[in-house]
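Below, subunit A partners subunit B and then partners subunit C, in two separate complexes.
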Partner chain A sequence: MKVIFKTSYDRDIDLHKDVWSRGRIAALVAVMAALPFLVGEYYLAEATNTLIWALAGMGLMLLVGHSGQVSLGHAAFLAIGAYTDSALMNIGLPFVVTFPAAALAAGLFGALVAIPAVRMSGIYLAIATLALFVIVEEMIIILEPITGGVGGIQAPAIEIAGISFDRYGHLDHFYWLCLTVVVAVTWAYANLLRSPTGRSFLAVRDSEVSARALGINVTRTRALAFGLSCAMTGLAGALMGHYIAFFNYELFSVFISINLLLVVTIGGLGFIQGAFFGAILITAVPQLIAILRGAARDSLGVDIGGMPGLDTMLFAMILVGFIIYEPTGLYGRWLKTKVWFELFPLARRDMFRRQKSYLKTERQK
Partner chain B sequence: MDLIQLLIGGVASGCIYGLVALGFVLIYKATEGVNFAQGDMMMLGAFIALGFVNSDHLGLAFIPGIVLAAALMGGVGYGIDRFVVRQIFGQPQFALVILTIALGFILRFIAGSIWGYSPLVLETPYAGQSVPLGRINISVADIVTILVTGLLTLALWGFFAYTRTGLAAQAASQNQMAAYIVGVPVRRINSIIWGLSGVVATIAGVLFASKGAIDPNVGLLGIKAFAAAVIGGFGSLPGALLGGILIGVVEPLAARYLPGGISQMSPYIIMLAVLVTRPNGLFAQMHAKKV
Partner chain C sequence: MSLLEVEDLAIHFGGVKAVDGVSFSVAPGEVFSIIGPNGAGKSTIFNLISRIYKPTRGTIRFDGTEITGFQAHQVAPLGIARTFQNIELFDHSTVLDNLLMGRHTHRSTNFVQDMLFLPAVRRAERAHRRRVEEVMEFLELEAYREKMIAGLPYGVRKVVEIGRALAVGPKLILLDEPASGLSVEESQDVAFWIEDMRRDMGLTVLMVEHDMRLVAQVSDRVLAVANGKPLAQGTPSQVKADPGVQAAYLGTEVAQ
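And then the complex of A and B:
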């Protein structure tokens, strides 16, 4: 185990533990940036999809993992982002204006919703967001002049300063655009977490009453977390709209909300890295199933393509497995493995034993 | 006349929402967890009943078939708690929310792969019959729904007020730790409550199926039942039922008298309005949170 010799107070709040951690991140970003030269069109499209999911996952992670509020309706904010962006672009505004506008619209809507919503705790908030999702879905169908109703809407090709970022014409450009957005948001998110605001999110998550006693305005903090989370999700929604290119309300079904929740839970609640792990899993598993399906058909002559819902079923099984056996998610498992190697012969199984506890009741009666 | 017709139909479908909501509330009252798979349990119950009763499946007589289905779903509910939910005993509520959502998907897949994804109709002895009452026609399915809901609510009330198990469940719901210390078998009580909510879900499913076709996705009705449970206040059995009836009545009225689209949103609008004005529901049992 490495002990870091700290020579200034700045080291305590530094984003990276040491020069190696900084280097690893830089190397990762470099590899990601070079990806269009390394892999083919198909995998690049998949990588883009993963990045977009990671962005949306970070949005939900801020809410669920870092401020302790559950949302079952985050697809609504993806939809708001996507429709704001595409509708504004369709009336002729450039992407550099519509993209922030998508974040702003989703964020403002989220914060507006949050003001009554944050008064509710846990379950009530989850159900309220679910209801909100249904309302947004119906609104999309009703507001046909803006959203194209059931028919759908076209996301125009992006062009910034004369360079085309069209998803079909210049996939590599579109990929770099997504990567830039994701890197920027991740950096901002990581910085947010070490600021007083981010710390107050954590305080509210861990104990609302204690946070209030420390002078944190709980309502304001939770609404802010909600708004920020929705803004991030809105950005992801705008990119997702461009990635799909032509979409209607069905793109943002309740299953997307559930998948997002899956991303953050399986990835590892409370870690930014978790959103990325989850996004990789959720975009890779359908591909794996497709490959397995092909293999089963070719070698065994069994056609499992005829079973609809198999993907969701597998996701559900994975989710149940993780919640029961590894509630800290993939990233938690990674951390445990790392500690095991760092301490090598000294690690013991009980080091990470879960503490059994009785349910803390929310009722006083 | 039209209005009365709408009202009776609304109360009947409201009873079904109310019954599903009752399932939520049962589990919430006893274990403080929310079962997001309740709608899917209703769906599975309806399909199992269909499997027993329909002539092209097992073809049992109606009442024994339903009783068997209810018993089987009681077992499923008990098993879900015993083998899955108990594993995460003591983890935060959030974990249970996600776990039950996932369980809902699994139940949907099971029903889909056994009975297929195309809508099926449950054969009931009273299908299509109606009673003329003055100038309006009341369908027998609606009458049966309202009567059965009333009886079931009375039975549940009796169960919680008078039986040993019911009282133990009340004790466990008020303070798990204290109940455990005085010798209430908290975990077994939880499983029994889950089984009970499986039975309630089956009855709701059968009543729902007697009013129309079912397919594996009808479990999404659970979202509406949530609205009902929230309007009533999550901890209150009569509240859940009244919330369900309120939604059931408002929906057809909104479809009839308001512009299109509002009707689908109306349950959620009512629910959000209730949440904003009275965050704990109309029949609140929740109080300020402890540290």
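And then the complex of A and C:
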């Protein structure tokens, strides 16, 4: 087992507790950056998709995992990001302007609707966000001159400083762009969590009454979390638009919202890493099903290609399994496995059994 | 001049007059205790002061400011911190983070600075950490620094909550039954801490407590309440000797 001797407060303030952890992250980013040289177009496109999902997942993770609010309408903020970015590019603005504008539009809209919505909690907030999603969807169809209505909209090819990041012409460039955004957002997110802002999110999540007694303005904190979450999701939406290249409102269906919730729950609520685990799973499962389908057809002569909704059913089954057997998600499982190896052969069977909490009778809202 | 002045405070929940015409004032540097049987309205008085409840009637003044119309989160910045009878900690954070959350009123950076983790953020974090370490040293919590609240024994959690309130750096600290559920030794620690808070930190303490030994040991003055109404006020021995108080406590520890 590794013991870290801390010599100054900075050891706790720093993002990485030791050089190993810093090295691991650096190695991971290096491998990710080298991916275009290692895999073909098909898998690179899949990796790009996974990055975009991880970005959107981080957006929802901040909301659900770290500020304790739920949203069934996050596809709306993906849509706002995608349409803001593409519509502004279509009137001639460069990507370096439209991309931040997408975050700003989604973030401001999110914070604005959050102010009345954050007073709600649980199921009411879920329903309100779902309603919001329906409104945004209708707005997209109504605002045809900007959004292309039902017909859809073209996401123009990205160009920054004369270099093309076109998703089709230069997939490697587009992949690197997505990677850069994801790394930057992850860094900012991790910073947030080690600073007063992140702590205020956790405080509001875990005990509202205590948070208020400590001087935390709960409404404002929740609205900020909502806004930041939506801004991140808006960035993901903009990239998703470019990834798909031509899209209409159907790209942002309610199933996207649900899939995003799956990403954060299966990945592991309350951990940034969870968004990545979840994104990998959600983008890998359809591939896996395609492979299974092929195998079933070739070896058994059974065609399950005609069974629609198989992915959704599989996802749902995985989700139910996780909620019952591993509420801390994939990331939680990973942590436990790591500890088990570190302690080997000392690990005990019941090591991770949850401690019975004292009863919180009279607990105040 | 008194630090906290409560005048004719009352709150009714439907038909229940949980607090009904309570007045008292706490001088700076004083340890003031509120006693009374279960359901007397003691915690409700705390919730009124920390503005979780809105009073039906009456006023609360702190340090010359009338806070009756304040929102709950506006109270801590004035210098009022509190604990809860049923421990309200942030269960999924460490002891260290819980105490750091107590530093909220002293934050000097905004969320943009935080996201970029600018040098100002690091400087502020170091300062918060130094302050929190002092509190941990005072309450001997160092051994639990990195432990999650959810796995800690009850007694430790109670102390962590006191620590979080101290991390606020308040003028007035409200302790709701700080010794309930603690062993005799742990209660004794609480008594010493309260004396140190007053003597070394210059704090004013307002406490709700059942343990009459602790109350008598540390309090300058005591207010007894029953059914939301004040029964008696004075030094611990005066209040203990009051016939109304003895009647209200019949069969409980005070009467013994």
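Please note the rule applied: the second predicted complex is superposed on the first by the 353 of 365 C-alpha atoms of A that agree within 3 Å, B and C clash if a C-alpha of one lies under 4 Å from a C-alpha of the other, contacts with A are read in each partner's own complex, and residues count from 1 in each chain.
As a convention for this text, a contact is a pair of C-beta atoms (placed from the backbone, for glycine too) under 8 Å apart; a residue touches a chain by one contact, two chains touch by 3 or more.
Please read these numbers as outputs of a predicted model, since none were measured by experiment.
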Check subunit A with both subunit B and subunit C modelled on it and let me know: fit or clash.
fit
Who wins on subunit A residues touched, subunit B or subunit C?
B
Determine, under the contact definition given at the top, whether A:217 touches first (subunit B), second (subunit C), both, or neither.
second
For A:191, is the partner it touches subunit B (first), subunit C (second), both, or none of the two (neither)?
second
Touching A:241 in the superposition: subunit B (first), subunit C (second), both, neither?
neither
Which superposed partner A:64 touches (first subunit B, second subunit C, both, neither):
first
Looking at A:329, would you say it contacts subunit B, subunit C, both, or neither? Reply first, second, both or neither.
neither
Taking CA centres, what is the subunit B/subunit A/subunit C angle in steps of 10 degrees?
80
Which of subunit B and subunit C A:209 touches, first, second, both or neither
both
Contact-wise, after the overlay, does A:13 reach subunit B, subunit C, both or neither (first, second, both, neither)?
second
What's the minimum Cα gap, in whole angstrom, linking subunit B and subunit C in the superposed view?
7
List the residues of subunit A that touch subunit B in one complex and subunit C in the other.
207, 209-210, 357-358, 360-364
Can you list the subunit B residues touching subunit A in their complex?
28, 31-32, 34, 84, 87-91, 93-95, 97-99, 101-106, 108-109, 112-113, 117, 174-177, 180, 216, 220, 223, 226-227, 230, 234-235, 260-261, 264-265, 267-269, 271-272, 275-276, 279, 285-291
Given the complex, residues on subunit A that touch subunit B span 64, 70, 72, 116-117, 119-124, 126-128, 130-132, 134-135, 138, 141-142, 207-210, 254, 258, 261-262, 265, 307-310, 312-313, 315-317, 319-320, 323-324, 327, 356-365
Touching residues (chain side subunit A, partner subunit C) in the complex
9-10, 12-13, 188-189, 191-192, 194-200, 202-203, 205-207, 209-218, 224, 228, 270, 355, 357-358, 360-364
Parts of subunit C lying in touch with subunit A, wherever the complex brings them together
47, 50, 52, 71-77, 81-82, 84-93, 96-97, 100-105, 107, 109-111, 114-117, 121-122, 124-126, 128-130, 133, 150-151, 154, 164, 168
